[in-house]
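One structure follows; several queries about it will come next.
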Amino acid sequence: MSKAVLELQNLHKSFGALQATRDLSFCVNAGEIHALIGPNGAGKTTLIQQIYGALKPDTGTVLLNGRDITGLSVADRVQAGIGRSFQISNVLMDFTVLENAIIAEQARLRQSFRFLHPAFDDPDLQTGAHKILNRVGLDDRAAARASDLAHGERRMLELALALATRPDLLLLDEPMAGAGQQESQRMSQIINDLRGTVAILLIEHDMDAVFRLADRITVLVEGAVIANGTADQISHDAAVRAAYLGSE
Amino acid sequence: MTSTIILEQTFNGLQAGVTLFLVAAGLTLILGIMDFVFLAHGAQVMIGAYFAAAITAASGNFYLGILLAIPLTFASGYVLEFLVIRHLYRRDHMEQVLATFGLILFFNELIRIGFGPAALYSDLPPSLSGFVEILPDTPYPAYRLGVIGVGLACALAIHLFVSRTRIGAMVRAGANNPEMTAALGVNIRILFRLIFAAGACFAGVAGMLLGPLTAVQPGMGEPLLILSLVVIIIGGIGSVRGAFIAAIIVGLADTLGRVFLPGLLRLVFDQATADGAGPALASMLVYILMAVVLIFRPTGLFPAKG
Amino acid sequence: MGGLSSVIKLACDGMRDNRLLWALIAGFALFPIYTHFADLPFWNDVAMRIMLLGMAAMGLNLVLGYGGMVSFGHAAFVGIGAYCVAISQVYGISNGWLHLAFAIVACGVAGLVIGYLALRTSGIYFIMITLAFAQMLFFLFVSLEAYGGDDGMSIDRAEFGIIDLYAPLRLYFLIWACLAIVAMVLMFIVRSRFGVTLRAVKSNASRVEAMGLSPLRFKITGYVISAVICGIAGGLFASWQEYVSPDIMHWTRSGELMIIIILGGLGTLAGPLLGAIAFLLLEEFLPVLLGSLAPAYAENWMILFGPLLIMVVLFGRGGLSGMIGRWYAARNAAGKGADRR
Amino acid sequence: MLEINWGVKMKKIMVAAVVLAAIGVGVYLLINEQKKEVVRVGYMTTLSGGAGIIGKQMQNAVQLALEHKGGRLGGMEAEVIFVDDQRKPDVATQLANRLVKSDRVDVVAGIIWSNVLMAVIKPITRSDTLLIGSNAGPSPIAGEQCHENFFSMSWQNDQTPEAMGKHMQDAGVKSVYLMAPNYQAGKDMLSGFKRYFKGEIAGEVYTKLGQSDFQAELSSLRAAAPETTMVFQPGGMGINFVKQWKQSGLDQVSKLYQVFSVDAVSLPALKDAALGILGTQSWSPDLDNDINRKFVADYKTKHGNYPSFYAAQAYDTILAIDHAIATSGSKDTDQMRAVLAKGNIPTTRGLLKMNSNHFPVQNFYLRDTVKDADGVVTTKVLSTVFADHADSYAANCKF
């Protein structure tokens, strides 16, 4: 059993009467693709937000590589090793693809607070940036403005930016949402290739993709974990069928 | 500092407050719903005052002046929105600041050319130039009581309109989430134009009411503009309720501060220091108030945005 | 990435990418020759005022154009800079370098405090809170009797060691030098890793955060830098005018700075300078123009100026530098705009 | 598609702009054309903006003075260049530089505001050009910071309230409630008043600069119920104050005195509301001398209303230049200065004496606000408070 990159211990979060997260615990192991599924309103995004740091849990702790990061800000968590792609693709629209990557690269190198060093013209940063883009096969679009990218390409760019900080844990919030046939195939291909290099927590509605990709699946219903296991186990789990697949 | 004087000053603060509210009511919706930074709202005050003063002077009847001036200011707001403003909604705040800054210059100059640079003559209607005893032997100008009355009436009307009518519902929805409202198929463009014209109209009313009290002259609206912006920010952009409460707060704070601060400071410091610091502090008071509010409630007291 | 040579190389690259800016600055260096032979000495004063306003606008542009923070109170920093000069003279300090040092420190501190408080808010709220702070300072100085209050204080030009600012053109070239330095500094900042991150924050703060950076730190830093630049401009302004009054921190002055920037081109290095040129020439010629068309209305020139501003917003995409950029791009299909970033 | 259209429009607009600018330059250079043996006067005032009315009146008066002198000053062909300082010190500084360096005027005159004067005095006087002020007289300029090339044709700020203080003292007023805007001139005014009024100060209130509603202050004034009230609220503030004073029926509570708050600029907006309000001034439309009679009469026929003291002082400024050149027979700064320093300048206030700091030594009158024969509201001299009154800063002035 490989060690846990992310460990959630008894997370609890409620908005007034609504309990969005109930005493929730599970862990994501190094290098695995861990899918988080559940019907709408199950509290998937709320959970992601708590892992990411945009929301603070009422009680419970978030451990990254065994370190308690519950109190950290988003920026600090990212530096601690969390990367993220958002539900609505979230890139620097006013910049070219390459510039996006360069800004991410210099952020990883902790060099963003330098006032003399050139950014876009710097060869080292450029090579680093091209590496980033290569991973998602966007290098040929390096010169294009992010705002001119097709939806799928933008998704890719965002993934690239999330990877740029070389995270230990990658939070993917519906990476295939609104993507076309080939696009989602390319996406799942890339995600698949990432297996083993980085732990991935994947939220996705496309069940085929989930069951094809995920090493393990955690099923969330009304903010609580009702099942946790391999694709096989989950697909045969009675509770899950009842609560979730049945309702599909 | 007897209780009667405090009461009287409270009335003064109230009167300043409701006047501010009339200016702020429209502006807060313009800022909130259209996300449009409209600096020329002070010009609407001036336009209203000039319409009223001019018609009053011509007809010799104050009420006729008001009666005719209201639709005129509404029309002017409507036309302005149609000619210029609607082209500016999609621009960023800076460009809006710039363009409406240009509008201020234009309107002030237009008035100056049209009516001359001198202040216009305007005085109280005889019927309201008397006094009312708000307390035994504390007479209060009837006209100012009238202003308070009209202001509160307008506030009530706006409140009922926004909270009870269908258009009002749209307005609230708009303040809460503009995109959503547009998605609901509400004819945003007409809605905007009406809100804008109505806002201009209320600002105009404020001007008409102030006309007999203050000098009707070019640029008379600017001080009110800045203050009403303060009001809107404190109250929370897009919230009429917030604007009302904030207007009263600012009106009272400004009035009472001006009057009582120097006295209070004299209790602490020596005469000279107090006389120096008092008025300075008084004139800064509302801005300090606003800054403090924003530091602790970055979206004002009653944020409308959901 | 060290060594003077590489810095110089960077400077050259930057100047190549910003020909327009440096052409203008060179123009200002040569301008006195023209005024001398054309016998228009007065135009040196206009040029000085243009450079000073341009400098302040450049500072504001860092937050406005690059940081996306619409500060409506930057005239306050110009004022603080100016009063640093005036007040230190009251206490017998006449050394100009000290004045500038004071201005830099004072504006740095003020910028840090105001920036820290104001940047808790955003959007229209930010516009208004910056305005509020500016108004506070305005009324504060209006009522500071010891420093002339509303009448302001008549002061002497600062002493810069051997440079006697009363000798012809000394002040002109002092201002010019400061302008050139500020422009150079800003050019480096804008192209630097900090600069691009600041622009990234403007473009999409949450993505920058997702890269592990705190957007606020970049915003505040940018705000402080711009405040300091405005302070330097203010300090020189005081020496140029030999007079300081709260008038220079009135809210309409903040508006003017914005006008200058948008007139010239938001988020471009040359923009503010172009804008300042345009703004002052308009101020100079619109009355003359109107006077020649309708003599009776010469003093109503604002009736033209107001609509002109609206025109600029409606049609003048990217301001003057934007137009020049487009024209330049159109001219050589190679396409690289004359003055992008 | 649309973009391109805008582009084209934009080009047109730009071309137009360039052409207009070119015309502008042409006109501009034309103006700057040098002429021979002409006395050039640069007259700086505020024509645009809220205070435009004052500047307009001064401009009218200057033009009237030129007409009366047949377009010549001291026998020389005269040319007056009006410039608009927009009430902004930095604009004024630039204009001052233009007048002395580019237009090369022989005299700069005018200026309404203290802060504008403070801003321009150095560049002008340094260039060895005479600067003749038509209105503002801040204490520094009368004292330590005085300059031999500066002459005032108006008064030092403190003098008018000093006269008011003297009158109220002599009238046996026991206590007074003072009110002025919270800025320098306001404070100067009150300190000047207190220099001569020795009675009790029942209250001293500083209002916000540019304040339009004084109800709050008036309420506390009613509560204080002082025997008398003395206000300084210039321009629009004066209109507001007096209006609201009357509306709150404070005449029954306290007797109102004012300086610079009721004049021909504000009277048309106040009309009867101002009747019976006493003030002090060094000039009044009914001053009985030939120059003043001619000035007021012709001004009224030409512009339909009474001239204000601003206008009178502007008129006197031109007369002073005329006098200086006529007597010295030259437009040379030193010679003109010598003449003006001697005083005895014929003005609407009679023969004006000059003090050592180049500020006038003159009478100050108590003025009442009355209706004239045709029912127009104006001011009328009741008595002379000060004869040949000198300001109290001259001692500190060393050229």
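When the chains are written out, they are named A, B, C and D in that same order, and each has its own residue count from 1.
Heads up, the rule we're going with is that a contact is a pair of C-beta atoms (placed from the backbone, for glycine too) under 8 Å apart; a residue touches a chain by one contact, two chains touch by 3 or more.
These numbers were taken from a predicted model, which means no experiment stands behind them.
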{"item": "Set of chains whose contacts include both chain D and chain C", "value": "B"}
{"item": "Contact-graph distance - origin chain A, target chain B", "value": "2"}
{"item": "Label of the chain whose CA centroid is most distant from the centroid of chain D", "value": "A"}
{"item": "Central chain (distance from its CA mean to the mean of all protein CA atoms)", "value": "C"}
{"item": "Cα-centroid distance, chain B relative to chain C, in whole angstrom", "value": "33"}
{"item": "Where chain A and chain C are represented by their mean Cα positions, the distance between them in whole Å", "value": "43"}
{"item": "Whole-Å gap separating chain A and chain D, where each centre is the average of the chain's CA atoms", "value": "73"}
{"item": "Residue list for chain D, restricted to those that touch at least two other chains", "value": "48, 52, 56, 182, 209"}
{"item": "Sequence positions of chain C contacting 2 or more other chains", "value": "142-143, 145, 300, 302"}
{"item": "Of all residues in chain A, the ones touching two or more other chains", "value": "none"}
{"item": "Contact pairs between chains, per stated definition", "value": "A-C, B-C, B-D, C-D"}
{"item": "Chain C to chain A touching residues, read off their complex", "value": "1, 7, 10, 13, 188-189, 191-197, 199-200, 202-204, 206-214, 217-218, 221"}
{"item": "Complex contact set, residues of chain A against chain C", "value": "73-76, 78-79, 83-84, 86, 90-95, 99, 102-104, 106-108, 111-122, 161-162, 164-165"}
{"item": "Contacting residues of chain B [partner chain D, same complex]", "value": "2, 4-5, 8-9, 12-13, 15-16, 109, 112, 116-124, 129, 131, 139, 141, 143-144, 210, 212-220, 223, 255-256, 258-259, 262, 275, 278-280, 282-283"}
{"item": "Chain D partner contacts - residues on chain C that touch it in the complex", "value": "40-43, 45-46, 49, 142-143, 145, 148-154, 237, 240-243, 245, 247-248, 281, 283-289, 291-292, 298-302, 311, 315-317, 323, 326"}
{"item": "Contacting residues of chain C [partner chain B, same complex]", "value": "64, 70, 72, 117-118, 120-125, 127-129, 131-133, 135-136, 139-140, 142-145, 251, 255, 258-259, 261-262, 266, 297, 300, 302-303, 305-310, 312-314"}
